[in-house]
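Both of the next two complexes hold subunit A, though its partner changes from subunit B to subunit C.
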Partner chain A sequence: MNLFSFNYLSFQKCTLAQKYALALYIQTQTVFKKHSFFLLFFGLLIGLVLLGFAMTPYDPVETNFLNRLSSPSWKNWFGTDQMGRDIATRILYGAGWSVGLALIVSTAGAVIGMIIGLLAGSLGRFVDGFCMRMTDSFFAFPELIAAIVITGVLGPNTVNMVIALILVSWMRFARLVRALTGDIKQRDYVVQAKLNKLPYYLILSRHYLPNIILSVVVIWTSSWSRTILSISGLSFLGFGVQPPQAEWGAMLLDGKPYMLTAPHVMIFPGIAVLVTVLILNLMGDHFRDHLQSSEK
Partner chain B sequence: MTLNNFMRVALIKAISLILVLLGVSFLTFLLYYYAPGDKALAIANARYIGEGSASVELVEQIRLETGIDRPFFVQFYYWALDLIQLDFGVSLISQEPVSEIFISQLQETMELAVLSLLIGMSLALPLSLISVWKPKSFIDRFAIALSSIGAAIPSYWLGLIFIFVFAAKLQWVPAYGTGSLAHLILPASTLGLWVLTSQTRLIRSFLLEASAAPFLEALKIRGVGPKELFCRHIVRHAFVPFITMLGLDLAYLLEGAVIVEVVFARGGIGSLLVHSVMSRDFPIIQCIVIFSAVTYVTINSAVEIFQWFINPVSR
Partner chain C sequence: MLEVNNLSVRLQDQTLLENINFKLSRGETLCIIGESGSGKTTLLRALLGLVPLSLGSVMLDRHVYQSPEQSQIGLPSTQIVMQDPIAALNPRQKIKRSIAESLYKSSLQAVEIDHAVLQALRDVELPESLENRYPAQISLGQAQRICIARAIVAKPDILFFDEPLSALDAIIQKQIAQLLDRLKKQNDLSYIFVTHDLGFARHYADRILLLNSGKVEEYQDVNLFFQGPESIYGQELLEAAYILGSLPQKKTEEFRVA
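And now, the complex of A and B:
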């Protein structure tokens, strides 16, 4: 399909797949126009991190005892830790742990929460009551306390931490999706689709999903940044990613005893967490403002 | 009629509260039941520590005694029966009653929580009020910057920085331990800063939301001055969501206390939790988990009932 000679007649002739492709194309274009600054900034940041991976001559876990706890210099930008490992390199690799794991956790949480919220909101009263009381029960445990207990009881390692964090993060999504779905259920087009005996999965994919997805994305970004804080917090307490892996919280735990003689060991991982979470929060706020202004 | 209505709402709330409490205890028991490792062996080793590994007969005896080999729902029944009587059993490690250990540690956490709440709220209230009263002023910008940076600071890192600056370099206050008020200052400021930033962000957004309400236009036309408008109408309007969120934040203060207590090596519920998870002391873990969940659920219900009285819209 040629996009430049596009008119209504040729749209009529398109297959469904082509129509979807066109809609996607137009949407990405508007997203690029509206959020060009953010996308550029984000791309630049990712590019810098990748460049760092390519340029660094050091290994994140290999020890070098001749160069222990050296201060920041041109050779080691952020200094070295108690095992002589380059902190800048470890922070770069740590970005993979924190940001990547948090992405997995928040996405899994979003999917589970969406499924439960959709079921609760679109099916009958009994399913609704059951799902929402279950959500309330999970919600009653403070996130961090539940995560500590689950990881600790199952055995402190990365996989169990991810499981625990998924278990404590899906409720926010379920509540939001339930509220939105309950609202959509009353709308005319859903009632009509039901009267027309449209199959349930089609009602879900055509009417419910497109209406909730943007709000879910907003919560998803904030859940992402919260999870980064939780992951590094759990690792700092010793329940998450275990040293010698280069996770930011684990690095802080490792460097804590050397804090007084070599403060750079603890300062830089903390700044890494701070900056990453700040950027993600700002991105989430930006999305939310955009969503609110487009709703008006 | 309204009271009748209230009874109906209260009844529905009470039923859902009971269901949630049941769910909470079930989830806690589920975790205990499916925890990996032989629990009878763990109890035997903990109880007769220093006598080498426990013998097979002893483990079997403990298994019979505690009923670990019985079916899931039988165990759940007896476990819940103990729970209703607030009998949490004895610690596997020290053999002291869990409730005694818990209450002695709760006191320290409460000290920390109350002081940090005082520090945080006494700064957050004026800051957010001034920030909305004078938009785009220096204080407004400061409040915005503070709340977005504060939401991103990892509290354990902030605690370490405080220790480094105020305890190690300046030597104003002691870094670790419990006891005097001086020991409490650094942990309470760390947690208080979290309260300050999160509350500033919330109160500010509630006030902004209230000042966008359409009835304010009508009041302005009637000749209500800006001062009266702000004090009598905007602030009062923002009060309801503020109380709601404050109730929930109180429950989350416990969560913040965990990390702060560990960083500053204080006693308290948080460090008790971390230590008992490390040593797999199940009675204590259960007690803390159930306490935190019940606190949250109770505060939540109290807030809902309070809302019913204060806000006619929710009736």
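And now, the complex of A and C:
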């Protein structure tokens, strides 16, 4: 079937599989048209995280003391660090740690927060009170300090850092989802669904979730970028990804003694953090604009 | 068919409805009128099981409920059409699915549900192509027709309306009122309207239930009520409506479908 010359009659003659394929094609095209900006940068980030290592001939942990602290050149685009490792390679590998771990943390936080927020907003006053007091008590601690304390208690390594960051990242989602759910609960279509005896899980999946998911995605992108900064901060303080792994914050920590003599050791990882956080914040803005326009 | 006896609703030490009694026969239309805060919507919500009743009983054919627990199950064979048609439809759900939700508890197969949805759209004089649209892609009048389609698709005996025309302009109000009249005759439905619009109540109702501060001031045949209410509150209400011009002096029949 030629997708570019179909009409209503030829659509009628299609098999069910062809109809689904056509619907998927049109849907994908619409999504690409609407969110080309978001998809381009999202694809770039995910591409870097998954395939960054294949784009460089160097090993991120292989040392070469004869070539230490060399300036950017055609051979080493971003120069080398104090152990002669290629900084560009370490940034590409580091994307997996910084962006990938932040993605895991922010997604896990979003899922936990959504579950707690949905339960608090849609069930009775007792569940709401319990969930929100728990959220308030987690909110009482400054995010990064709490993460440092948890990582310090559990032991400074990557897994513990991820656990600590998840524990301090879900509350924002819970608050947002609870507020949205509380509002949707009063809407006439939810009242109607209850009158029609729809089970709770169907009311959740058909009425609550589709109406809160876009707002959650907006917060999720900003949470993702903030988590990159948190991971870099924790690694910079020595609580996160441990040497010799290439993580952007850890690279900044490694380059600190050479800030004046070889500034490129800190500048390029810093730019990587800056650009990534900027892209994610722009993505969040794009989604917020889309959300506002779709609500009109 | 529907019989409400001594219905009372108390919430947090506040009496919202007290000793409400009325009956509704098959094919009859009852308009519940009264000022804001008189308990009209609370009565509707109590009948639907959204507010637990404290005392009294509600009987629909052989189904009776008389305790707070029983009342929360709600009455079978009843549906409601809300005031704001756009707010009554999930903005992220296609029209088809919104209508089909009323058939969730039915024993129909998926194909039969699809047919029932299309038939309901035809019944409310809407094109079938509308089933794949979202609420943002339809007009207010179409949205109200869809809410009516969602209500009638479940083949209820009684339809409740909470100010169904107040969000619509005059021409669409007339079209919807005529549509409701036709559907009532076609399906032998009974209607209970909650309305502020005395003109509409006069044209449309068979009986009037006048509420004031949660109590029944008057339960009367529509013609007798508009000829001269027995209660002082009813007289004041009609007088105010005549002075403001919201109620014509004479009843016209052209509103109804022949």
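The rule is simple: the second predicted complex is superposed on the first by the 250 of 296 C-alpha atoms of A that agree within 3 Å, B and C clash if a C-alpha of one lies under 4 Å from a C-alpha of the other, contacts with A are read in each partner's own complex, and residues count from 1 in each chain.
Everything below uses one rule, namely that contacts are C-beta pairs under 8 Å (C-beta built on N, C-alpha and C of every residue); 3 or more make two chains touch, one makes a residue touch a chain.
As the structure is a computational prediction, the values presented were derived from the model and not from experiment.
> Once the shared chain is lined up, is A:231 touching subunit B (first), subunit C (second), both, or neither of them?
neither
> Where does A:189 make contact in the superposed view: on subunit B (first), on subunit C (second), on both, or on neither?
Touch partner of A:189: subunit C, not subunit B.
> Should A:110 be classified as contacting the first partner (subunit B), the second (subunit C), both, or neither?
neither
> Identify the partner contact of A:198: answer first if only subunit B is touched, second if only subunit C is, both if each is, neither if none is.
Only subunit C; A:198 stays clear of subunit B.
> Go through the superposed model and pick first if A:176 touches only subunit B, second if only subunit C, both, or neither.
Once the two structures are laid over each other on A, A:176 reaches no partner at all.
> Would you sort A:99 into first (subunit B), second (subunit C), both or neither based on which partner it touches?
neither
> With both complexes overlaid on chain A, does A:266 touch subunit B (first), subunit C (second), both or neither?
first
> By the touch definition above, which subunit A residues appear in both interfaces, subunit B in one complex and subunit C in the other?
none
> Tell me, which parts of subunit B touch subunit A in their complex?
Interface residues on subunit B, with respect to subunit A: 16, 19-20, 22-24, 26-27, 31-32, 35-36, 148-149, 151-158, 160-161, 163-164, 168, 251-252, 254-255, 258-259, 262, 273-274, 277-278, 280, 285, 288-289, 292-294, 296-297.
> For subunit C, which residues are in contact with subunit A within the complex?
Against subunit A, subunit C makes touches at 48-50, 74, 79-80, 82-84, 87-93, 97-98, 101-102, 104-105, 136, 150, 154.
> For a test of understanding, state which residues of subunit A touch subunit B in their complex under the given definition.
Counting only subunit A, the residues touching subunit B are 133-134, 136-146, 148-150, 152-155, 225, 229, 232-233, 236-239, 249, 252, 256, 259-260, 263, 266-267, 269-270, 273-275, 277-278, 281-282, 285.
> For the complex, give me every residue of subunit A touching subunit C.
187-189, 191-198, 202, 206-207, 210-211, 294
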